[in-house]
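Naming follows writing order (A, B and C), and every chain is counted from residue 1.
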Amino acid sequence: MLVPVTFEGAEMMLPEGANLAAALLAAGVGAFRTTPVSGAARGPYCMMGACFECLIEISGATRQACMMQVQAGLVIAKPKGRANGAG
Amino acid sequence: MEQVDLGVIGAGPAGMAAATIAATAGLSVVVLDEQPAMGGQIYRAVASGGAARTDILGKDYLEGAGLAQDLQASTARHLTEAVVWDIAPQEGGVAITYSHKGIPARIEAKRLLLATGALERPVPLPGWTLPGVMTAGAGQILLKASGMVAPRAVLAGSGPLLYLLAVQMARAGSPPLALIETQSLRDQLAAAPRLAGGIRGWRILIKGLGLLAELRRHGIRRITGARDLEVIGTGRAEGLRFSAQGRAQEIACDTVLLHQGVVPNTQASRALGLAHDWHAGQRAFVPRTDGWGESSHPGIFIAGDGAGIAGAKAAAVAGQLAGLQIACQLGALDRAARDAKAQPARKTLDAERSIRPFLEAAYPVAAQILCPADKTLVCRCEEVTAGDVRHWAGLGCKGPNQTKAFGRVGMGPCQGRYCGLTVTEILSHSHNLPHSQIGAYRIRMPLKPVTLGELSTVNAPEDAEEGHPK
Amino acid sequence: MQADYAIIGGGVVGLSLGWGLIRRGHKVIVIDGDDGSFRASRGNFGLVWVQSKGIGAPHYARWSQRSAGLWAEFAVELGAGSNTDLRLEQRGGYDFHLDEESLAAKVAQYDALRHELGGDYPFEVLGNNALRREEPEVGPKVAGAILHHQDGHVNPLKLLRALAADFVGLGGQILSAEHVEDVTKPDGFRLICRSGHVVEAGKVVLSAGLGAMALGPKLGFKAPVRPQRGQVLITEKLPKMMNRPSGIIRQVDEGGIQIGDSKEEVGLDDSTTLHTTAAIAARAVAVMPGLAQAQLVRSWGALRVMSPDGLPIYQKSTTMPGAALVTCHSGITLAAAHARLLPAWLEGAENAPDLEKFGEQRFS
């Protein structure tokens, strides 16, 4: 069943219970975040919880998208860690 | 606090087999695993959705289903989505701290088995951090867990996993655009004399040839001896550039799946301060274990690829051996029973290991990966280049903990998993010193990042103020 | 003779001295340990700190103030030489208190010290409301804080790297992965390393941290230092959430929140423990409740180099003239003084600082 989630404010329908990183990739989201060091775009790399590239922010906490499942109503944002020197 | 005879970390083939055999012998066993279902990465989702995709994934994958059924039928308890972040040796065993959906909990175990498997070897080449670049393992996980094929993909690197993945993608209806391999025909010829594995070795070889034939049937383009690989693109992967047969080439694509073999995941064994040795064939550090998988710390065992790469079948029997020895140490099995049950497992393990020297020689790690160009990022998290590491080597840094202090390489959230080996290789090369002398990162708890909120609640309220800062 | 000075110990203390000496035209070799050596220089907290130092010992308070005062110029010069921004900020720092009693007790100590220093001790006390105007992330459980205007912080790893880079750039030599086992002085000094390597130098500075315990007596020092473990946590990189550092929580320039510092007498054991890291986390969350959501990325333990009274030791050897012992647990705060003022003391120059009170005679 497809359920609604938002990614950076954009609503999308993802399959409930699916791996969140895989579902976002399938929905066409390539860059999950920008790095706090240089601001470069990053997306999933290992898909097994080891590389921490697929980090997203849910309810104020940074999480690994590849270690989560899709649930209705998830509000997903890019993590807010700053780029070096920006703050 | 819950107390068990055996705590197993990881529900892949080694963990499943060890837990089953130990529980069958009468031990209380708990298996902690980060994923929502057992199987590890090699048999990921085998007991849930994956088994329905056997026509794509192949019958080897189904072997995991048997291991999973055995574990489910045993008395061992399997905790899913349990992220272990602290392991502390203590009197009579270890204390394991983990979080389940953000709530921390602890278990005390008389014996510990680390069955944490392998990681993809880091593949530091230009552009490897672009979105759209993933490991070949990630490509397989997408297939197994989500039935998803990475779109418009080029597979690049070295190792038989690339053939299997290419065939699986083709069977799923989206073959990769090409297979760009870094090993050369010369590597493969040089490896041939190492085919000392007898009949079993040949069986694996024939399976490999079968995959190659299937690749040809699907019309998948293969280029070997590729060098100077580089992922190109702005903000995402748009193509793979490389040179082969003496000329520069480029393939446009949306996904690049990289592979240079897998290496033991030594994060937990390092954090526990266990002894490790450099394995020249695997070009990786391997924890030191005895014939049963017991590490340099009595009572802590390691089985499966985490103790040295030997594949899924080897992992399952190594798990059995560890489980038998643990049952014997705790008095649930006598030595005669242990040895009788161990005999077939040992035979399989020896046979599975015998093919490794051939594979290691036939699919060597590409030179550009072992010695990345100065501008190539080696630490993805802190965005540190190979040139930075070399510069600090010139300032006197002889080991990875010094370069870490000099420039944060290895300090990010992946905790050094995807730069550690590269830094050891670079320093070894820069100083012309053996890898064993260069050493590896000192890994500290937490094994995985954990929120301060979770950490703050693990002490009982009455002693939370002890060890009080200031 | 290979060098005018051989410095045993390539941490921040040894390199600060080495940098200062080489800038005065001396030929200097630094002998440094290996990858697994105990290194306070890669485990410290990064404070350039004045408050709380020298209670009952105003000469130490003055020495810390003097170094803090030299830091800005030192950072500019070292930064230019090494092409590094050390991220020095000296806009004051806090001492947070969760209860009124401990705050009042500390204020009384500072008042007394201010009197001893003739009034030069600029601090103010902020109640919870005033503190939260400065630091909105501070929570309601904090009774208040002492804001000391001479405090600040720096990136200590950038300092370590910059010192090494500029020292080497100026012609200094760092011998790494060496372990000095014995010292003789037939004429000049001969330092015999475990590898068989021998370093010859006119003068020797022992700034080997805890390594001074074994080597000190060979050079005629008591070197009564002991390890004291501190455990430190650091989070993922976060948006700016603190304007100034405190003695136990600060936001580093890369964005991570760094939290410490426990004090444990456990010998030469620099491991981390769940119990202590959990206690540190609990206190941090009590001070700044928003930190509960922050991901802890790393923890580490490191060993402070402590003298019996906690103050630095600066001592010239009487039995082996030409050898000096320099050791302290505040190598970051004192880096500027060590770089700028200690070379003259080592040379025996006229304008050298008077370090008599920091000598070893105080332990007899």
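FYI, contacts are C-beta pairs under 8 Å (C-beta built on N, C-alpha and C of every residue); 3 or more make two chains touch, one makes a residue touch a chain.
Quick caveat, the model's predicted, so the values are computed rather than measured.
Visitor: So how do the chains connect up here, line, ring, star, complete, or something else (other)?
Guide: Chain contacts: complete, every pair touches.
Visitor: In terms of CA centres, which chain lies closest to the overall middle?
Guide: Checking distances from each chain centre to the full centroid gives B.
Visitor: Between B-C and A-B, name the chain pair that shares the greater number of C-beta pairs in contact.
Guide: When A-B is set beside B-C, the one with more contacts is B-C.
Visitor: Using each chain's Cα centroid, which is most distant from the centroid of chain A?
Guide: Most remote chain from chain A, centroid-wise, comes out as C.
Visitor: Distance from the CA centroid of chain B to that of chain C, rounded to the nearest Å?
Guide: 40
Visitor: Based only on mean CA positions, could you tell me how far chain A sits from chain B in angstrom?
Guide: 23
Visitor: In chain A, which residues are in touch with two or more of the other chains?
Guide: Touching at least two other chains: 37, 61-62.
Visitor: List, in ascending order, every residue of chain C touching at least 2 other chains.
Guide: If we look for residues of chain C contacting two or more partner chains, we find 236, 254, 293, 295.
Visitor: Check each residue of chain B and list the ones that touch at least two other chains.
Guide: 412-413, 449, 451
Visitor: In the complex, go through chain A and note every residue touching chain B.
Guide: Residues 18-19, 22-23, 25-26, 30-32, 35, 37-38, 40-53, 55, 61-62, 67, 69 of chain A touch chain B in their complex.
Visitor: For chain B, which residues count as touching chain C in their complex?
Guide: Residue positions touching the partner: 86, 88, 95, 97, 392, 394-402, 404-408, 411-413, 415, 438-439, 442, 444-446, 449-453, 455-459, 463-470.
Visitor: For chain B, which residues count as touching chain A in their complex?
Guide: So the residues of chain B touching chain A come out as 34, 36, 41, 81, 83, 119-120, 129-135, 137-138, 141-142, 145-146, 148, 150, 235-236, 265, 380-383, 412-414, 417-418, 448-449, 451.
Visitor: Could you pull out which chain A residues touch chain C in their complex?
Guide: Contacts found on chain A: 36-37, 60-62, 79-82, 84-85, 87.
Visitor: Note which residues of chain C are touching chain B in the complex, please.
Guide: 10, 32, 34-36, 39, 41-42, 157, 160-161, 164-165, 168, 174-177, 233, 235-236, 247-248, 254, 259-264, 272-285, 291-301
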